[in-house]
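These are the structures in question, set out in turn.
Consider the two complexes below, in which chain A is the common component and chain B and chain C are the respective partners.
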Partner chain A sequence: MKDNTLIYSDIIKAVKTTADAEDFLSQIDALFAKLFKTTPGSFDENLKKIIGSNFAALLRESLEKNNINKNDQSSIEKFLNGLKDYIQQLKILKLQIAFQPSDEMIDDIFVWVSENIGQGIILDISYDISLIGGAIITFEGKYRDLSLKKRFSDIFEKNGVLLKKPK
Partner chain B sequence: MTIDPVVFFDFVIALFVLSVALASLAISYSQIIKKFNSQKDELESLTSRIYEKEAGVLKDARNKAESIINEAVQKAQEIIAGSNIVNTQSKKALDEAFETLLKHQTGYFEKASQDFLQVYKNELEALKQKNIEILKNTSKSIEEDTVKEVQDFDNVLEQETVASQKIIQEKIEKDYSKVQKEVEQYKNEMLGKVDAQISKLIQDVSKKVIGKSLSLQEHEQLIIDALEEAKKNGLTASQT
Partner chain C sequence: MKDFTAYLNQIQEIGYVEEVTDAIIHVSGLPEAKSDEIVYFETGDFGQVFTIHPDLVEILVFSKNSIKPGTRVVRTNSVLQIPVGFELLGRVIDPLGNSIDSIKPLKKMEFSRSIQSIPLGIAYRKTIITPFETGVSMVDMVMPLGHGQRELIIGDRKTGKTNFLMKTVLSQAKKGNVCVYASIGKKKIDIKQLEEFFIKNKIMDKAVIVASGSEDATGLIYLTPFTAMTICEYFRDQGKNVVVILDDLSTHAKFYREIALLGKRFPGRNSYPSDMFFIHAQLMERAGNFITQKGEFSITCFPVAETMQGDLSGYIETNLMSMTDGHLYFDRDLFYQGRRPAINPFLSVTRVGRQTQTNLRREINREIISFFTLYEKMQSFIHFGTELNENIKATLATGEKLIRFFNQKYQEILPIDLQLIFFVMLWGNVFEGKDFDAIENIFGKIFGAYEEDPKMKQQIDNLIKIDSFNKLLASVRKQTPDILKLSEKYGK
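The block that comes next holds the complex of A and B.
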């Protein structure tokens, strides 16, 4: 895994959420289907026709960094298969939050998770306004409700006696 | 076919005998009829004679009776006529004697009536007094009995009333206590419901107010705080 981390580190940096992972996997599948079946041309030109520019740039950079011949089909296939396996093995940290986060916020959360919990973790973010704030975190079978909704419920349950009339 | 003469002769003889028998029978029958008719006539004449005789006897009897009656009536008239004369004289004497007697008897009866009346009055008075006395005694007895009955009734009524009152009071107290408990229970239930509703209302309002007042940065910070708390509580990636 360590080797793969180094090989795919540049690409994996762009995979922060499950949506990103699905997107990359579908683009890898598209590459498998079309890259070596197009009319002859440069690898870079064909790459642009098949996948998005962002992923194309990352792929190109990673291939160069790892000294993989762009015209060597088997090497590229091996690289792409490895990347696909690596993406599929990424751990998922599920976050239920009370608002629609911006890309920047997703980045911040992803960085925090990578630095504090571990590498190779992507975020599955869902939106539930009733949570008010905070988050419900589910990771590797562990569940933590740290939303404001839960906190309020606990407070009101604990301090409900204060609302009753004195006898 | 020829007939035997003997047989024929026998037949003729038999026939002759039969004829003779029949003739004699017829003759005797006619004689009997005659005799019957004559006897019948005789009977009828005898009967008529008897009727005549009877009528004659009845007539004689009737005549005799009439004559006897006439004689008797005549005699009675004579007697009556004779007695009328006697009656007038006797009647006069009788009237006089009767008048005397009447006067005497009237005086006697008057006196007797007065005596009787007095006695009756005395008796009546005595009876009246006696009845009054009896009535008084009876009234007194009735009064005493009635008073006693009323007193007994009064006592019983008082006892029953007090007992009933006690029972009713106990029942009322018991029912009141039960109703009080029910009211208290209902009150607590309602208060509980109201409290729950108030609590929910406050929660909902708080959530809405706080949710809307948080900025994006505050939201982000809350998420990071949640992740940190989760990390403190053991949220780590397993080594693979």
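The block that comes next holds the complex of A and C.
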């Protein structure tokens, strides 16, 4: 049996954040709804109509690479179920930062995480201006508050008494 | 307790609520959670780690506040501890140590103890040799108990179990011992009545009530007997003999079953979890007679179990019978006949009580048991309507007198020395010709004199020092006129 990572590697590269994952999952569900209602040969039409072009292209490519007949609905169903399970099992790295990142920044972070922590991890980025700077990182139950907000509150707590003392 | 953010920064681990099923909350994350560890929700609630799975942790919560999926959870790296101290005496608290009575809030206490503790080993235990006085003659004379004994109180509902326990607490509190009453999943009115009973009899300063109501969270009800036992251990270590009542463990078992089934633990007999025996046994093992730094002190435990229609063969009932040093069975048939307490001496057992008795008491005890056995056999003759000879009539008359003697009114307690003297007076037919109501009246006067006249108390206490039943019988016959004279002006 092929390792799932190899089967889905091309598609998974496009899933970088939890928003992407939710998007892909809802498109897979939409495809499932139409899968057994199609006449032979109309799978490509459904790919065009129901799901986004980006995902459609990746899916088409992956099916060809894995030698899955587009007219064989059972094989497609099995493939899509496997893909759905795989996406749901991706580990999530939560990042709370003090600004809205650009798409390029998200890509850079994702690449860094893939290279330095491992494959099969997606990002859940949320925005909290009160952090001032830095980030709060949560991954596999571990929590690290590396925000400027915490640094400042630690400093004030430590030196708070000194600040109040008269000179 | 620190707040959520402080723990988060300290422990640097986080979890998220995935699923909420009443008392059990499923949390993902918290990779280093330990069994029984306390966890804190960002809503301010807290719970205890119940089960650890590879991908999630089950938390037993102690409040009924709704916790939504997605709520963050943090570990505290500590187990549940409750504050302990002499400030607890006279208070009604919940299983987390918070005051729930109408008096002002509890002061912050210096010490706290974990509610789960390993019972002291054999090297710290001593043989039970000190008699335990309940103030109820049926128990003190027929089914004697000792300090440090675990005696199960078992019977159907409304057979006088709680009444008996209240008399026991009254008797022990008057001797200066600490009493801890664990009211497990009871109605609020029952808890209030208990508190009022202690206040009315002026023993509240010697008692602690640990109460959880039937409407409280399941997790909180589950904790109740453990909290009570922890408080007992504290007072034992401070040099006090303690009496603890766990009312009742059948209810406790039902709530634990609910928790275990919610936690998807495999159900065993009657759907109870497989560790049901262990849960109660670990509680019972924390009672006993111990050698502490301050000397020899005991925790005497009275777990209560409720039967259905007199069925003693139930799962929880038989479990408790096997892990205790005896049981007092409250028979509903005897209750309907008007016997109070409705203890059936033939179905009750005391495994370590007799070794605490003096020779005199042991002799009297044997006499009573063998007489009751004979009396029960004689009862069957009456039903045939045969003509009874004088011996049988005398035995039946004595039996009726003894049964009336062992009947005690609500909240009435008798010191054990007086119980013996009264019994000997009845047995020796000292008041021949008088009806039982008149004898009861005389006993009431002697009791009044015993309580108030030091001379009378001295006389009675000296009589009890005689080590033979026959000698005591002779002395009582001789001294009865003096006793009656001294008690003339008293009455109940």
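One rule holds in what follows: the second predicted complex is superposed on the first by the 150 of 167 C-alpha atoms of A that agree within 3 Å, B and C clash if a C-alpha of one lies under 4 Å from a C-alpha of the other, contacts with A are read in each partner's own complex, and residues count from 1 in each chain.
Note that in this section contacts are C-beta pairs under 8 Å (C-beta built on N, C-alpha and C of every residue); 3 or more make two chains touch, one makes a residue touch a chain.
Please read these numbers as outputs of a predicted model, since none were measured by experiment.
Visitor: After aligning the two structures on chain A, examine chain B and chain C and state clash or fit.
Guide: fit
Visitor: Contacts for A:150 in the overlay, against chain B (first) and chain C (second): which applies, first, second, both or neither?
Guide: In the superposition, A:150 contacts chain C only.
Visitor: With the two structures laid over each other on chain A, which partner does A:121 touch: chain B (first), chain C (second), both, or neither?
Guide: The answer is first: A:121 touches chain B but not chain C.
Visitor: Touch check for A:142: first (chain B), second (chain C), both, or neither?
Guide: In the superposition, A:142 contacts both chain B and chain C.
Visitor: For chain A, which side has the bigger count of touched residues, chain B or chain C?
Guide: B
Visitor: Determine, under the contact definition given at the top, whether A:112 touches first (chain B), second (chain C), both, or neither.
Guide: After superposing on A, A:112 lies in contact with chain B but is clear of chain C.
Visitor: By the touch definition at the top of the document, which applies to A:76: first (chain B), second (chain C), both, or neither?
Guide: neither
Visitor: After overlaying the two complexes, what is the shortest C-alpha distance between chain B and chain C, in Å?
Guide: Superposed on chain A, the two chains' closest C-alpha atoms are separated by 10 Å.
Visitor: Would you tell me the residues on chain A in contact with chain B in one complex that are also in contact with chain C in the other?
Guide: After superposing on chain A, chain A residues 140, 142, 144 contact both chain B and chain C.
Visitor: Given the complex with chain B, which residues does chain A contribute to the contact?
Guide: Result: residues 1, 91, 95, 97-99, 101-102, 105, 108-109, 112-113, 116-118, 120-121, 129-130, 132-135, 137, 139-140, 142, 144, 146-149, 152-153, 156, 160, 163-165 of chain A touch chain B.
Visitor: Give every residue of chain C touching chain A within the complex, in rising order.
Guide: Chain C reaches chain A through residues 8-9, 11-15, 28-32, 74.
Visitor: Give the list of chain A residues in touch with chain C in this complex.
Guide: Answer in residue numbers: 138, 140-145, 150.
Visitor: Name, in rising order, each residue of chain B that touches chain A in their complex.
Guide: 191, 195, 198-199, 202-203, 206-207, 210-211, 214, 216, 218-220, 222-231, 233-238, 240
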